[in-house]
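Before we start, here is the structure in question, set down as structure tokens.
Chain nomenclature is as follows: A, B, C, D, E and F, assigned in order of appearance, with residue numbering initiated at 1 for each chain independently.
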Amino acid sequence: MPYVNIKITREGGPDGRGPGPEDKTRLIAGVTDLLQRVLGKDPSTTFVIIEEVALEDWGIGGLPVPEYRKARS
Amino acid sequence: MPYVNIKITREGGPDGRGPGPEDKTRLIAGVTDLLQRVLGKDPSTTFVIIEEVALEDWGIGGLPVPEYRKARS
Amino acid sequence: MPYVNIKITREGGPDGRGPGPEDKTRLIAGVTDLLQRVLGKDPSTTFVIIEEVALEDWGIGGLPVPEYRKARS
Amino acid sequence: MPYVNIKITREGGPDGRGPGPEDKTRLIAGVTDLLQRVLGKDPSTTFVIIEEVALEDWGIGGLPVPEYRKARS
Amino acid sequence: MPYVNIKITREGGPDGRGPGPEDKTRLIAGVTDLLQRVLGKDPSTTFVIIEEVALEDWGIGGLPVPEYRKARS
Amino acid sequence: MPYVNIKITREGGPDGRGPGPEDKTRLIAGVTDLLQRVLGKDPSTTFVIIEEVALEDWGIGGLPVPEYRKARS
């Protein structure tokens, strides 16, 4: 009975606007498999929800991601 | 002082792209009423947030929803 | 394929430390039923997770709930 | 090691469709600074994620925000 | 810049009260590795938060997990 | 109409088991004030929820926080 919420920055992928369906499929399969292997959780009641977040809406180090990366480069 | 977050797959509704405003209004009214009836929670401090998730971003059974449904049909 | 997260303040119930199992059962049944009636969602893939939050950890009006209530009484 | 999730209604800002990048930058800086001042949390491991929610998807008082405001005005 | 929240029912593990530290360590390592392999995400900015939920607080099929399992057995 | 969820590691504070009520009060006041100053949000409909997470349940760099700190010290 696991619920997994994955938030990632919206970038990369086939058109630079986030991961494509194949990568999402791999994420969902990988997390579900991990929970089954480590904790014996049943895949049929494992939910995985992927949410993409615009770079300007994600902060780290007190800065939005684009500024954070500039400041460190 | 309840906070309710409802995540649903983005499908169905008037144009197949998720529930219309009337259904969302019914959801909000229904959840708020339930919390008042069962727990005596004050509607004026009950928040309900509805989030729609693309089918490809929702996994169950180790597969994105579209593949999951195909595999079971 | 809905996921519902209900956060409530930990208070009331049989011993004043939050709702008892019967009330939680009614909440889970009520929300699941609502999603089926309004949006046609299948109960077998509807998750409801209830989380109780200590009063001092919940803020409204810029104050923790206990201070907020004192200020308004 | 804090994680902060800020959900706000999508309104206001330069074009009425939510806060612009400058306001988001101020939010991220302000929350990160607060956590450092009050709890000594390291900004380099402080995540802040801002999510905007359509008015019709946010309920309070048993109504979507637009109806709630009409009813109170 | 991923953030992963894993909610699981509090059961199993060394004393029947949820997974022990070793299993949690494997979950954290596994999810972080998956995000690096599939999407190239940097582990140093990958957060994983595990939350355990009491069985009576988790609903599926309109029932708390203990009742749901009884009804299906 | 903001909702703010702050997750922090459970450590520090008066007894080493997390921040005391005074620090939580300062956090709630500070976040609410920030949202009012930057975005004009009404404190009376601003919710702030603080959640403390055990160190072993929080991962960064592919390790639970205690191992992560050891590895870097």
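As a convention for this text, a residue touches a chain if its C-beta (ideal position, glycine included) is under 8 Å from a C-beta of that chain, and two chains touch if they have at least 3 such contacts.
By chain, with names taken from UniProt: A, B, C, D, E, F = Tautomerase.
From a predicted model like this one, the values you see are computed outputs, not experimental measurements.
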item	value
Chain copies touching (chain E (Tautomerase), chain F (Tautomerase)) - same or different residues, decided at half shared	different
Chain whose mean Cα position lies farthest from chain F (Tautomerase)	B
Chain A (Tautomerase) and chain D (Tautomerase), separation of their C-alpha mean positions in angstrom	21
Intercentroid distance (Cα basis), chain C (Tautomerase) paired with chain A (Tautomerase), Å	27
Per-residue multi-chain contacts in chain A (Tautomerase), two or more chains	1, 3, 7, 27, 31, 47, 49, 58, 60
Chain pairs in mutual contact under the definition given at the outset	A-B, A-C, A-D, A-E, B-C, B-D, B-F, C-E, C-F, D-E, D-F, E-F
Sites on chain F (Tautomerase) touched by chain D (Tautomerase) in the complex	1-9, 12, 19, 23, 26-27, 30-31, 34-35, 38-41, 45, 58, 60, 65
Residue numbers on chain A (Tautomerase) that touch chain B (Tautomerase), as the complex places them	21, 24-25, 27-29, 31-33, 43-44, 46-52
In the complex with chain B (Tautomerase), residue positions of chain F (Tautomerase) that touch it	1, 3, 47, 49
In the complex, chain E (Tautomerase) residues that touch chain C (Tautomerase)	7, 53, 56-64, 67
